[in-house]
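A, B and C label the chains in the order they appear, each numbered from 1.
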Amino acid sequence: MTRASAVPAPKAGTASGRAPGEDHGLHLLREMLRIRRFEERCVELYSKTAIRGFLHLGIGEEACAVGVMDALTPDDAVVATYREHAHALARGVSMRSTMAELEGKLEGCSRGRGGSMHLFDAATRLYGGNAIVAGGLPLAVGLALADHLQGAQRVTACFFGDGAVAEGEFHESMNLASLWHLPVLFCCENNLYAMGTALERAQAETDLSLRAASYRVPSWEVDGMDVLAVEDTARHAAEAVRAGGGPHFLELRTYRFRAHSMYDPELYRDKSEVERWKERDPIPALIARLSADGLLGGGELEQLEAEIAAELDDAVAYADAGTLEAVEDLERFVTSERAEEAGPR
Amino acid sequence: MPSLGADMDAGTVVRWLVKPGDDVRRGDVVAVIDTEKATIEAEIFESGVVEELVVHEGERVPVGTVLARLGTPSVAPPPSKRRARPEPALVTAPAAVATGAPAAPAPPPRLAPAAHSPVVRHLAEQLGVDLARCHGTGPGGAITRADVERAARPRAGEAPARRRAARRAGAAAVTPGRPAQAPSQPPGPRRPVSPYARRLAAELGVDLGAVRGTGPEGSIVAHDVQLAAAEAAAAGREDLTAPPGETPARAPAAAAARPEQPDAERQAALRRAIGALMARSKREIPHYYLSTTIDVGAALGWLEQANLDRAVPERLVLPVLLLKATARAVAKVPEMNGFFVDGAFVPSEAVHVGVAVSLRTGGVIAPAIHDVARLSADELMGKLRDLVGRARAGALRSSEMSDPTITVTNLGDLGVEAVFGVIYPPQVALVGFGRATERPVARDGLLGVRPCVTATLSADHRASDGHRGGRFLAEIDRLLQEPETL
Amino acid sequence: MSTTTYREAMRRSLRDALQRDERVFLMGEDVGRYGGCYAVSLGLLEEFGPERVRDTPLSESAFVGAGIGAALGGMRPIVEIMTVNFSLLALDQIMNNAATLLYMSGGQFNVPLVIRMTTGAGRQLAAQHSHSLEGWYTHIPGLRVLAPATLEDARGMLWPALCDPDPVLIFENGALYNTEGELADDAGPVDISTAAIRRSGGDVTLVAYGGTLRSALGAAEELAGDGVEAEVIDLRCLRPLDDATILGSVARTHRAVVVDEGWRTGSLSAEVSARITEEAFYDLDAPVARVCSAEVPMPYARHLEDAALPHADDVVAAVHRLGA
């Protein structure tokens, strides 16, 4: 079974050897902080019933989305799950648009039709927001197939969790992508729990990158709490995919600090385990790293927090002031409004 | 009270983790909340000093209710909607009594209400079952759904037919939002006529009663109507002109109602249920109406005296006497008390008086107070107050809905002088009382002013006639002249 | 004009589409090397190559989802699910992605996908291979569902389906592939939104589609011998239904029988019947009748399968019971 391809991978659990430039480091920190503060605000908004339905927060997993997105180009495609606020924000969907969607407003990226679990954005090629576990994997394979048939040198990054590995669609999709040599970057955010079921209670073989490798897909494990490691590995993998190396698989080992969703009493895991993982919080880790490199001495962090707070307040105000789609428009977009011009080429 | 999930309407503060005077920071866990699905730790989103814990431990409040106040209070807190829960008490089963035979194992102690499963608690609340008095058959003596449903059923030993009939009638009004059962078909043979044939008959002026049906199941079809019309035309007869029949209106396009708020939907559903019930009553029951004016001077005087000895919360009101008089009058005219079922009147031994209560959400329901004739005035007052409260809170028991044997509607407090109501099937009488007003009364040739109440009777002509109805009202009048005997 | 078969007409439509637009490609189990389970795609691999005629592994969910993704990515895929029986494995992708993406995304993402499936019973393939589930799919908003029953429709429905910016399901009744008939040499695209009156008559309306059209037409022949003139409607488009044609016919005939190979309960025939009752109640001289499959998992033994399926004489009997 092949593990890493010819491209050397960084060792699991260690940060990249490359020292980030000041701008780049701050950029990664900003991206993670934006997500963190956004998610925290969502808790409050949900408790106030401004956000309804299911809310799945990615607090603790920021490094995964931020690290991988950094390795993608605007032309690439992203397929994500219902825990995708981080992915939307990191991909470039505005906070305003995202927050408005969470509040069900017309100004939201999905016109308020989708809510937290269905963020879509054509401009950034974000294909959801999928609420069926593993439901997005075949879509990603298809997007990559289209790129292959059209000769486009693009990557489709597909995010999913450890729970998806149990679904048949994971296996069908890995197999098909590998068989047809399609440009998919499969990114598994392994946070050790599929809702309330721990990985070892769901998988006979818990080494997920090993599972992926069984489809002859080059597979790496990455410390998902280290944004620099994620970014570095993702960059290598994405380059390989883009260059025609077929699908690649990243197992991002991470942890969610909060419950599966807002309504989860977390009976299935120990508080002490959560606390242990919190010590590896990706944000303080990066802050420590940047500080050690002397990059945060001039009040940059405070500045960052202030900017983010302002952006967030603005987004919430925007969303609060948003409009509700007219009920008369309920049946719009069940089918297309104008027959798209097709016909013979 | 935060929303902690998609389907959470209300929560209970199980335990406060802070007290007035404590410093709290944004993100601190300050309370443990029971949401009926799970127990969740609630965090606070502001920093400050705890001023006041508005909602107490054990209280269940809707999402959005203010739970506590932080910082310096500037305005008095608005009254929060609270529903006090009974103090959870651990009930232990009595120890088995030794009888010489091997003692049966003592039944396990019953759980405190707080430990019942959320489903059970929710169901109990819905059906108005007091869990503390419910016998549990689940593991460890736990109360199961079936236990709750059993506890909610009406008492055994009553005529099943009556119960079914009563439930059919009462079910419509039990819970707002539940639609009425389909009313039973009016008696009499139906002749199947196809919709098209009916339309043709109207257009051609053919009397369907005179047409022979040759369609499936003997139905009258278009062909039959056309034949009849042709024959009539050929014979030149004119008496086949049908009585003016309405042209059947085109069925209205089904527009799904999409109310803005769930309340509106419940109101509408309740209206529909009541409407269906009243329509059925009017359709099936041949009503007759009587009214009489009753001098209530003696009754009011007795009340005044009686209330001198009573604390304000226990004071008696006129409706108590009106209800007692009605219930007692039944003894003289039993045709007013019972059910008309399967084509016959079945009198009831017991007198359970249905009391019409108006709901704040709109609509009226009429749950029963049992055995009114045997209750003392104080007992009746207590039950009346309790019933009205629970009716308005939606916490009635199904037995209360299915058991009324006669109903009283008293709109006196709304200022209406006389009310001619619609009987609640399958009952056979409805007694109405209007407002007590001062009226000029002629007595022994002299004109005076007396407080009077107009009492009305709507009764089922199949069970009684005007003579008996008049007797009934007269008896109520007589009883009210001797309030001390009530 | 030349004599051809339904199968051949279907193949011609595939060739035509693959030739016309390089975004079109065919994907499914055994569509390439094998030539298609029902030989519909025979020869296409050789003509268009393995990039455009793709054999897939037995992964319905993945390749249907991939079809959706490819459609999102700018292609015009034709996904062939061998039979409707296997489509159940891809139901999540069809319902939760294909049918819903446009709506969920607030109008951003179209899914111009065509899925072809073989449906129906009658070849003693037993319970797991004999379903007629097209009625189920008509339940789902966001999908267009077609049932070509004639050679013209087999030839002509595919291209407009590919041009539709939204997902289209095409159900081909397996018993029809061998039917022979005359087809114009220049036969081309047909409309995919209206029902067709295949036979005019004033006494009763027979509503059919796909595999049951033949039974309805056969019944009409026999009824004519009894002096009953039946009007036969071929639904052609199962979702959205062409109410106007159906209701217009019932307004003239006052009686209706719906012939549906699905099971009666919760079927497409129930939907048609409900609509007639809702909109044409005062035109009806008798209740709407339905002739459907017996509510049994399809048995293997020939005589039992025969008894379970709807035939022309069942339709005739139903018409007589209506008093026509």
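Here is the rule we go by: a contact is a pair of C-beta atoms (placed from the backbone, for glycine too) under 8 Å apart; a residue touches a chain by one contact, two chains touch by 3 or more.
Computed from a prediction, not measured in an experiment: that's the story for all the values here.
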Relative to chain C, chain with the most remote C-alpha centre: B
Result of counting contacting C-beta pairs for A-C and A-B, higher pair: A-C
Centre distance in Å when chain A and chain B are each reduced to the mean of their C-alpha atoms: 54
Whole-Å gap separating chain A and chain C, where each centre is the average of the chain's CA atoms: 40
Footprint of chain B on chain A - complex, ascending: 43-44, 46-49, 52-54, 262-265, 267, 327
Contact set on chain B toward chain A in their complex: 2-6, 8, 35, 37-40, 42-43, 45, 63-64, 258
Touching residues on chain B, where the partner in the complex is chain C: 194-199, 214-216, 219, 221-223, 248, 250-251, 254
Chain A-touching residues of chain C, taken from the complex the two chains share: 20-23, 25, 51, 54, 56-57, 59, 61-77, 92-93, 96-97, 101-110, 112, 141-142, 144, 162-166
List of chain A residues in touch with chain C within their complex: 77, 108-114, 118, 120-122, 127-132, 135, 137-147, 149-150, 156, 168-169, 172-173, 175-176, 179-180, 332-337, 339-340, 342-345
